[in-house]
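Letters A, B, C and D name the chains as they come in the text, with residue numbers starting at 1 for each one.
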Amino acid sequence: MPSVADWLRGRKRQIERREPGLWVKCPGCSETLYRKDLELNLLVCGRCGHHFRMPAADRIVSLIDGEFHEIAADLEPRDPLQWTDVKTYPQKLAADREKSGAVEAVIAGFGSMGGIEIGLAVMDFFFRGGTMGAVVGEKIALLFEESARRRVPAIVCTASGGARMEEGLVALMQMAKTSAALTRLQDARLPYICVLTDPTTGGVSASFAFDADVIVAEPKAVVGFAGRRVIEQTIRQRLPDDFQTAEFLIEHGHVDLIVDRHQLKAQLVQVLSMLLPGTGAGVPA
Amino acid sequence: MPSVADWLRGRKRQIERREPGLWVKCPGCSETLYRKDLELNLLVCGRCGHHFRMPAADRIVSLIDGEFHEIAADLEPRDPLQWTDVKTYPQKLAADREKSGAVEAVIAGFGSMGGIEIGLAVMDFFFRGGTMGAVVGEKIALLFEESARRRVPAIVCTASGGARMEEGLVALMQMAKTSAALTRLQDARLPYICVLTDPTTGGVSASFAFDADVIVAEPKAVVGFAGRRVIEQTIRQRLPDDFQTAEFLIEHGHVDLIVDRHQLKAQLVQVLSMLLPGTGAGVPA
Amino acid sequence: MNVIVEREKGLLELEQRIGDLKALSEQHPEASFAAEIRALEEKYASLQREIFGNLTAWQKVHMARHPMRPRATAFIAALDEFVELHGDRAFRDDPAVIGGIGRLEGRRILVLAQQKGRDTKENVRRNFGMVHPEGYRKGLRLMRLAEKFSLPIVTYIDTSGADPGIGAEERGQSEAIAQCILQLTRVRVPVLAAVIGEGGSGGALAFGVADRIIMLEHSIFSIASPEGCAAILWKDAGKAEEAATRLKLTGSDLKGLGIVDHIVAEPLGGAHRDVDATVTSLLREQASSLDALAMLPLERLLQERYAKYRRIGSWQSQSDRMVRGAT
Amino acid sequence: MNVIVEREKGLLELEQRIGDLKALSEQHPEASFAAEIRALEEKYASLQREIFGNLTAWQKVHMARHPMRPRATAFIAALDEFVELHGDRAFRDDPAVIGGIGRLEGRRILVLAQQKGRDTKENVRRNFGMVHPEGYRKGLRLMRLAEKFSLPIVTYIDTSGADPGIGAEERGQSEAIAQCILQLTRVRVPVLAAVIGEGGSGGALAFGVADRIIMLEHSIFSIASPEGCAAILWKDAGKAEEAATRLKLTGSDLKGLGIVDHIVAEPLGGAHRDVDATVTSLLREQASSLDALAMLPLERLLQERYAKYRRIGSWQSQSDRMVRGAT
């Protein structure tokens, strides 16, 4: 297992490699925002509250108290189908690694949050659109198994376009692999909370994401099984703007809570403190 | 426990006391039917298939192979609220006893069906509209408990206007009593099949009826929680004719099967034979 | 027309007059209204006793339906902490049911409540507390959550009944209620129910099968509304008041029948006359009931729950007129 | 345009001519058409071998989608007995899913099938085999029934994917599929899946997590349709044929990847050319697989299922390029 220092070094690399530019335009209110301010505000627009997509490393820093012990950090995908479309799969992986600084679409590990020891996996939409191939499936499965072994709750923050097409049916089967591993945590009667972030669809939403004990969504996050474009092409009509948003989901009964990113850590700690026996609010188990 | 002969004597009394008249008009096709023919045809109109409501004793004869060992046959209601409206509760009970020949709105007992030992309870709409008071609740609860003890499946044929108002909250609580007893059968992993017959509503539909492993309905049986008139008064519009019918229910996903009365016994035997391990079709366990 | 609201009018008038006089006496400290004020206050107190000292069943029905009566939210707001959890994970989040995890004077609990509105707007949103199948299914989901994480279930009952509409029937109102009742009879955590307003029929019972049932003094729990009962059994809606009396739907009646365990007194004039005091009293009773239930080993708790429901309802035998059962 | 249907046209024409000649030769026993008939029959056989002897992935995609391909109902009809059980007990009975209890060569089983239509009318009713959330929830209910009564679960997979519509999203398509997958990973009875036509994406996998997976020779099982894959990865729907090849969606490809266990051969020309033979072959394979699974003690069965899915997918380590995993 890499040391905290190792992990932080990797994280820095990821943050440094972010696309450059001092200014960002907010898709919510069209305001031009100073990137540093935005980052200090957890990538939430200070004016309209728009939640920008968050790289996995930043999310982990925003949730974990201090040290984070990453697991399986050195896993890299193979190429089970020897895939080529306009590029080869290894070429695409290399490009995403270069662009995002991440080595895969999920970071998993252990740390404490508000004094409660947890297993935490955070998906990264900036790497292959957060798609799930064998490595993502393996890390999520390890998180569930290892959380059960350590007798700590697990939290997964999702952001994913679904199963990774370049790994074919091997990728689809990660839905079953992650679900099987989750049963270990369930059998141990340990809490599992899923945080749905923008966007979460397909093979991730239709497997471990919607199997959680408590499901939280970030405001306006788009979450669904089929993609918006696929549905529009099928039904040949435009969908309403709020379709598949967190607000749509809560009204239709699919998520427990919508939580602003600034309250997320406190809210997760509060929920865990009530699900775990023998804990006062915010007090370690 | 009364002997078979006792039970048959009671049954005959019930059949003899049926309202007189040689001819019956079919509500399905308006045909005038000869009562004897109708009874020989299991109270199903030979012309349009309309299923007439069936007294409990006739239903038992139509389902059980030979002997039927009734349980708790001698239970009679008390009057927990000392109820009076335009009549007293005991007066109403006496009148229904006289008219229907039944002593309460359910008959429960044990026998074999297609060679499979079962517990069977049949509700009787001709006694107090099949309403459930303490005695009905007790007999259903005994059926579940005793079936679990004997390790045989249970079948309940419902026909009920709901909980019996003259027994107040005591009657409502029979929903909890019967459900609690059902857990004994469930824990023993023994099949429980409910046969919904016309009409089944309120406290019966909202308790043990819809908790069954397999739910069968007779054609056109009206089954629901709220009564048709209550809903029409609430929403101030007329309901479609098929509302709350068996056909409506199967389309909306609430019943497994609609079975004609002539096929009912064979169908129940077939289902049980596949749910019970170690039985061939129609072969005793 | 709520008969309690009607009778309160005289009181409110007196309150107004006393208030006016007190204001006047502050503005004119030279004049002495003390005697007049005292007279009015005595009149007020005697009227209050007259009106509320001995409520009939029919009056309690109207107290239970009083528009100002505290709703489940009043009690939930007084918990140490509460996180609402939404949805049935299948069809809709039913606003007539509030569910979530919380802490009652330090005790971890799972809350399930039927919630009427406090005004017209909220009543429309909450469907006047009439639950749809998806509301019961949200409840069922949360009961399973409670069992998984060993959270005692605390319910608040306040509904005239389950929603009697087309959609509710289409989506299986019967099945939804049946599953809740079944689950509560077997759920492997303590269950504590509190009837805070109207407990109407199977729609209320879906959250009302419990190890202990508490009723606020002027709440009711009934197999049917007195109006509905009168229409069916007397075929005369005018007999609702008589039906209310005969149905034995008050807390003291039901304690007598062995169905209800504790009655929590309300302030003179009803819970809405002093919401804080009512909330405090109920929470204190809930805390002590939860502690009592927590003392029982789980298997004993489940056996006692089983025995309790198994016992409700009595009969006589045809042959020997032997009387059996507890009630 | 189905490429198999197109290629079959020449064959059907020959069949017609052979039939005509045979009829003629019966009417005119004096004339001898034997040589001509034999020549045509040889041509037919060689054309058949040419067309079907070595199908490409793309051709198999079209065989899997062939309008005459036997549906789940063809296999269910061949069971010793079958009782269909309807409904999710909450919202709707989804006709795209057929579930029920039956007996396969004497073995009690629970059947779960995705069902396309055999003609336009049935396709409309069955939504072309595209399942809604309530269809998956019917499946989930029946999986639990199977577990309760120790019935092995036998599934038939034949869907282009889960329904991609507004209602499906509103009612939680993701949750419904997720719960099915989860339940199949842990259900305490043997699970045997058979891909008989199209196995499309998560919507197929919802019934496809199994102890053993059988595929009919010309069925496919894919993460996405080749057309969808081409549109997304090439941004060119014209690349569907290439995508089909690259996706490794045929039975032999997937057996190579360790995902599929058995391939059941189809008659030359595809399952629809001899439905009875296909049905017989699949049922025989299912019966023997069920017997093999029944030999395993339950805990062993569950461990092996866990290990099987836990193993799918491999990776390399960044530092030492060490290769791990089975596939």
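Here, contacts are C-beta pairs under 8 Å (C-beta built on N, C-alpha and C of every residue); 3 or more make two chains touch, one makes a residue touch a chain.
Being a predicted model, the structure only gives us computed values, none of them experimental.
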{"item": "Chains touching both chain B and chain D", "value": "C"}
{"item": "Centroid comparison with chain C (C-alpha atoms), farthest chain", "value": "D"}
{"item": "Chain pair showing more contacts of the two, A-C and A-D", "value": "A-D"}
{"item": "Between chain A and chain C, centroid-to-centroid distance (C-alpha), Å", "value": "42"}
{"item": "Mean-CA-position distance for chain B and chain A (Å)", "value": "53"}
{"item": "Rounded Å distance between chain A and chain D, as computed from the means of their C-alpha atoms", "value": "33"}
{"item": "Geometric centre distance via CA averages, chain D-chain C, whole Å", "value": "55"}
{"item": "Chain A, residues touching no fewer than two other chains", "value": "210, 252-254"}
{"item": "Contacts with 2+ other chains: residues of chain C", "value": "89-91, 171-172, 175"}
{"item": "Pairwise touch network: line, ring, star, complete, or other", "value": "other"}
{"item": "Contacting chain pairs - touch in the sense defined above", "value": "A-C, A-D, B-C, B-D, C-D"}
{"item": "Chain B to chain C touching residues, read off their complex", "value": "73-78, 80-81, 83-86, 103, 133-135, 137-138, 141, 163, 165-177, 179-183, 201-203, 205-211, 223-226, 230-231, 234-235, 239, 243-244, 252-254"}
{"item": "Footprint of chain A on chain D - complex, ascending", "value": "162, 164-166, 168-175, 177-179, 181-182, 184-186, 201-202, 205-206, 209, 221-224, 228-229, 232-234, 239, 243, 246-249, 254, 257, 259, 305-306, 309-310, 312-319, 323, 325, 327"}
{"item": "Residues of chain C defined as touching chain A within the complex", "value": "80-81, 83-94, 101-103, 106, 108, 134, 138, 145, 148-151"}
{"item": "Touch list for chain C against partner chain D, complex", "value": "89-91, 133, 137, 171-172, 175-176"}
{"item": "Chain B residues within the chain D interface of the complex", "value": "189, 191, 210, 213-214, 250-257, 267, 270-271, 274-277, 281"}
